[in-house]
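Two complexes follow with chain A in common, the first pairing it with chain B and the second with chain C.
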Partner chain A sequence: MNAEPRILNTPAEVTLAEAFSASRGHLPGDAAVAAARAVAFDAFQKKGLPHRRTEAWRYTDLRVLLRSVPPAPPAAPASIASAALLPGLDRARLVIVDGAYRPELSDLSGLDGVEVTSLATLLDQGDERVGALAGRLDDAMVALNTAMMTGGVAIRVPAGLDVTRAVEIAHVTSGAYSVFARNLISVGAGASLRVVESFTGPDAAASVANIVTEAVIGDRAKVTWAKLQAEGNAAVHLSTTAVSIGGESQFDHLTLMTGASISRSQSFVTYGGEFARAGLFGATMIGGKQHADIMLGVDHAVPNGASRELFKAVMDGKADGIFQGRIVVRPGAQKVDGKMMTQGLLLSEDASFSVKPELEIFADDVQCAHGATSGEIDEDMLFYLLSRGLPRAEAETLLVTAFLAEAIEGLGDEAIGEAFEQVARDWLADRKTLS
Partner chain B sequence: MTAVRSVAAGMNGQIKMLSIKNLHASVGDREILRGVNLEVPTGQVHAIMGPNGSGKSTLSYVLAGRDGYDITDGSIVFGGEEIVETPAEERAAKGIFLAFQYPLEIPGVATMTFLKAAMNAQRKARGEAELTTPDFMRRVKVAAEKLNVTQEMLRRPLNVGFSGGEKKRNEILQMALLEPKLAILDETDSGLDIDALKTVSDGVNALRAPNRSMLVITHYQRLLDHIVPDVVHVMAAGRIVRSGGPELALELEANGYADYVGAAAA
Partner chain C sequence: MPAVQETVDQVRRIDVDQYKYGFVTDIESDRAPKGLSEDIVRYISAKKNEPEWMLEWRLEAYRRWLTMTEPTWARVHYPKIDFDDLYYYSAPKSTKGPKSLDEVDPELLATYEKLGIPLREREILAGVEGASDRRVAVDAVFDSVSVVTTFKEELKKAGVIFCAISEAIREYPDLVRKYLGSVVPTSDNFYATLNSAVFSDGSFVYVPEGVRCPMELSTYFRINERNTGQFERTLIIAEKGAYVSYLEGCTAPMRDENQLHAAVVELVALDDAEIKYSTVQNWYPGDKDGKGGIYNFVTKRGDCRGARSKISWTQVETGSAITWKYPSCILRGDESQGEFYSIAVSNGYQQVDSGTKMIHLGKNTRSRIISKGIAAGRSDNTYRGLVSAHRKASGARNFTNCDSLLIGDQCGAHTVPYIESKNASAVFEHEATTSKIADDQLFYCLQRGLTSEEAVALIVNGFVKDVIQQLPMEFAVEAQKLISISLEGSVG
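And then the complex of A and B:
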């Protein structure tokens, strides 16, 4: 490919270029950050919005789907309603409203010894963590985030610290704005952390959130991380998580997608040390005309890594569920054990599920497998429950919850799992009321 | 719906729990039940025997209200009420229970959760109060002990990883807890060794009651040594072709079904 700039831009691309010109003078960061922003925007402009011929984005063509781009959020901080999300789950909360960390809305109790810093502060000071992982990704939307990021939060857990209280990074969008946030998580050697990432916003607000999170997990560290995408029903959600996991570390990650009109959640996990284990799980629940795309990249760069991926998706109405998963085993990365399974459950004739699992294996002594299934509710199981007197809606709810539970419980965190299963039950209850 | 009949009384003046008349059922173009007539009085245990493919299992599914069968003619009157159009879950609440030949494995649904959901759903449908948790736990404990169903089994996902015998014991446990008026046992003996057969049969016999009827569907006579029926029916080619006392089962065991298969084909 040559680097010739494209002449024809979509209206959204034109708006983004105008937005960058207008805001670049007052985005946070020192001169080095400003220069990096310019380079990143240039990279974005050369690529343009991802489209169907961009293989990694083939099911989420943003040139078609992203018709317009909303304005930046107002300078005055928005007030937000307190969230009723995940009731019963005890956790500290770091609140990010419209891409700005808001310490006064946050609750840091239980985080003694953990360093929490506003990203805007880090950009002004300069910090080597920013872009350390995201900079390696060849992705237009990550480049756009690098150019436009306004804020977010950085969490650093020192070596050996066991943080028992879960930490929520709560992203709240207050209206129809463009939001660019960047978060950093560093977990020192032998430390442990439980992260909940939530994304919420009001219904009917056509917001576009582009969130990038970079996480470095040290040797022998243990990180459990659950993401809840529950954006408003007109929102566009584009998120990227780039994670590097150290030797003998354990990383368990769950993505639950239920909100937004259009959503794309991409995670890239790179093995930085041997004998690390990653469990990557997904649970998608969508209906209406929702579009939810999960993209996963697992890079076994070193030998003796294990990964298990289980992604489940339930589609109702005319919803489109998508899963793309790619496991790469680099040359010499022997004894890698990677298993990827994707299962779709279609609750309506008009819903669809697209799956593209990929294995790229350049080592000869590995165990890798992938599988995918898609179907409707099992009629035999349903009849069994009906024959015991369960009403049809209750029987369906039980079966769908059970279907998703395997992925949610895969995370291995009982408290977070229970809170996320409640989200699934609530979604099913709402679905029942609607039908 | 047409007028609900009052409780039907048979020739002997017995109260009929179940009365099937000229029942025809098809799957697609294939007619499987071809005019079944069967009456089961309240409190009696009837057995249906017959060769493979005679329609025994279809009859059990049709009685339980499974989707996918076209009822082209005839009637099923249960407790004096026509139920051909009644959905499966409502039939269950009215008191029909089917013990499956192959109980389904339902991953992700704990057995206890399922039992409670089923019992309370039926109670709710009948306008009764839901069980309190202690009451529910006590009922399960009492019933489970009789059937050698362990607490460990009750904690596991429904039937997942259960042996054949465990699955059948779990079916009878559900029957004991749901207290149906009519229990249909579809090939309950299949896959059971002699000890498991005895446990299951004892469980079923313990549930025999003057206000409860049972329809025991089996290919082999051996189950009927343990659950002794009042009446034995022979089913062939989608019809009941002969009825008699328990001795009829012994005759079938000795002679096989060859006569009936031949007669049905003729």
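And then the complex of A and C:
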């Protein structure tokens, strides 16, 4: 009785194990890194791919969804077309193709004083920043990334430096490959940084990207960070951002999900010092048979932190939108103020929306709240616009744009916000062809 | 505000020992041998004079149970239960179907008197003014058997069947066979399957078409024997257009060891029927160091099978060392309605993981969830709930509100809602807050001359008012008292 169910290896798990043993000999890093890779892969194998009984992944069952794993990208660097993403947004660009940093494609102007290094170089030197935050996460896909990471970029902003030009970390997948990238961002005390993270790839290429970013934000620093997931329509996208924010710092983060066939974006924010403020926003726009899952963890480990979360999702066609959010207030973390709101808008009969907003609270002198709604476009609002003479499609577009704009504008960065709203408008303009 | 005054008085009267139902009745009992096996299942079935089909049903459940694993997803922690170290059947010796109350062991009657349960039909509930014309029919379950059911004759005249489930299995086999396990199948979950194999007694209610049950029905559960588990099974069926309100209460003696209570409750509401199910759960919560107490692992589910039917759950949870229950509604009939009102109070080392599931299957189904959690001492209080709309549930509507109040900095309050919508026209709204009693509210009360204990009682009463209002009057008073008792010692 009470026998543990036997875990069968899926074809994807088998391929991953083969890929690890084939590549472990020539992955970057010193002996310590190689040992850490072995430990991490062991941890991954013990857990296996997340499935519906893995509570944090209950709506994204990778054992079912990830049918096969594509090969590693070719050793010879792929040439890529320059992307026309986010026109009009002035920014420096750090380009990562298939998990390798490509300085020759990057533009570092306006980043004076900022240290930009290839992750492969850091691994060879055994930099202790790698894994400092991601290592604490109990997640199979993060462990897999630790075992298999090939490259990426590390950005260090020294204390007090105010970087005004936005920096884009552009992840480009060139074809149906498995990509494992790792990025590091450190922002010194009192410094400021604006980050745009983008993920793109060609349509019809069944790529699988597993990307982890670790960021340490110093005391009194200010970081604005916008993430745009616009992968090709056959891609699987798995990304994790682990952030630690210092005392009196301000961290604003926006996740916009519109691409990929299956996507999961995880963000984990830990408060490292008191009086820090975080604003976490999300906008999902999906249609067809897309599946997009946003996972958010906010860990109030210290007193006097404030967090605001606003996540909006629009689902068309047969798309599945998912949001899981978790605010934890640790014992003794008094005077925490946390508010989380999630709203789903279903544009078609066959779309679905699942939400799990969690509060886990161990301190009494706190103000925490969450709200969640799900529904279709409000008939009254629509009627009002129709009565003013707007065609139905236009009225719908207007309402959906307004719905999403609230979350996008929450970021508080006009230039980035405007560029991201344009992405939303483009999606709405293309919507009919999607479904 | 007489109720508040009553709460305050009640708090004052209580000494160190807060649990007043913790006495043991010294009564001779008949027990099955310790442990669980097919033989024990056969023993229980034989004791109950059950027909062959019932025994088969139990054995099938038992065999399935052997293949299942204990669930671990709830936010509760306890040492592993040794299921072979329990007695699965215990009955007071003298209750071989007493014809009238006079034949019932006086020791038993005294127990119920002490608990304040009216077993004599003329009696009214003590301490409730204006209740002289309100009557409540009671089914009293002591360990594994139902000792007495009151007002049976009068209910029969109205066509209502209210009896022990063991009696129903013998007397109304067709009804039982049709509905038993139709809401909570034997394979449902670990504890429900265990219950299906070894359940001993519980209540059976059948309200025929168009009948409004003339009085409140109530079951009172008491665990007395040491080392026994109580596995009761309740089945309530409301035919087309019927209405019934059912109350459930429970207590247990104070013992050092943990005792298991794994019940299953099934409700079936057909077209236009309404079932109102209220629980005041006051099992022994363990002592101030977290020793002893009942493990309350319960599966409760209502099936709104007919169109326009309605099932309403109201619960006041103050007892048990561990509570793990999710009274749910399956909204199958078009335009059916589900409601869940809950107050969960935890103090000491209690752990509560409770909530509801509202599963919208039919068109234009509606549900409402109001949950108030109060955590004090070193307790953990979790709300866990699911609201889902299936593809065909057009026009489904849900409103959920769960608020948590923290008293003291050693406790935890958690909210884990799951919201799953597969229908665009389903409108779901969920809101949750967690906070402590606001300093300005306390200050206001204190400066009006209330002591801090009175002030907390007043504010807490206000906090839970939405739920208390849903309880039948007799229970509302009791519930209010219970809440203040549970919070005793947590202020200041």
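Criterion: the second predicted complex is superposed on the first by the 424 of 435 C-alpha atoms of A that agree within 3 Å, B and C clash if a C-alpha of one lies under 4 Å from a C-alpha of the other, contacts with A are read in each partner's own complex, and residues count from 1 in each chain.
Everything below uses one rule, namely that a residue touches a chain if its C-beta (ideal position, glycine included) is under 8 Å from a C-beta of that chain, and two chains touch if they have at least 3 such contacts.
Bear in mind that the values here come from a model prediction, so they are computed numbers and not experimental data.
Student: Regarding the shared-chain residue A:401, is it in contact with chain B (first), chain C (second), both, or neither?
Tutor: first
Student: More chain A residues touched by chain B or by chain C?
Tutor: C
Student: When the two structures are overlaid on chain A, which partner does A:354 contact: first (chain B), second (chain C), both, or neither?
Tutor: Only chain C is touched by A:354; chain B is not.
Student: Kindly classify A:391 by the partners it touches after superposition: chain B alone (first), chain C alone (second), both, or neither?
Tutor: It touches chain B, and chain C stays clear.
Student: Provide the residue numbers of chain C that touch chain A in the complex, in ascending order.
Tutor: 66-70, 73, 391, 404, 406-436
Student: Residues of chain A touching chain C in their complex?
Tutor: Counting only chain A, the residues touching chain C are 1-5, 55, 331-332, 334, 344, 346-376.
Student: Using the touch definition from the top, list the residues of chain A that touch chain B in their complex.
Tutor: Those residues of chain A that touch chain B are 379-381, 383-392, 394-395, 398-399, 401-403, 405-406.
Student: Under the stated contact criterion, what part of chain B meets chain A in this complex?
Tutor: Contact set of chain B toward chain A: 64-68, 87-89, 91-93, 97-98, 100, 103-104, 106-109, 114, 117-118, 121-122, 125, 157, 174, 178.
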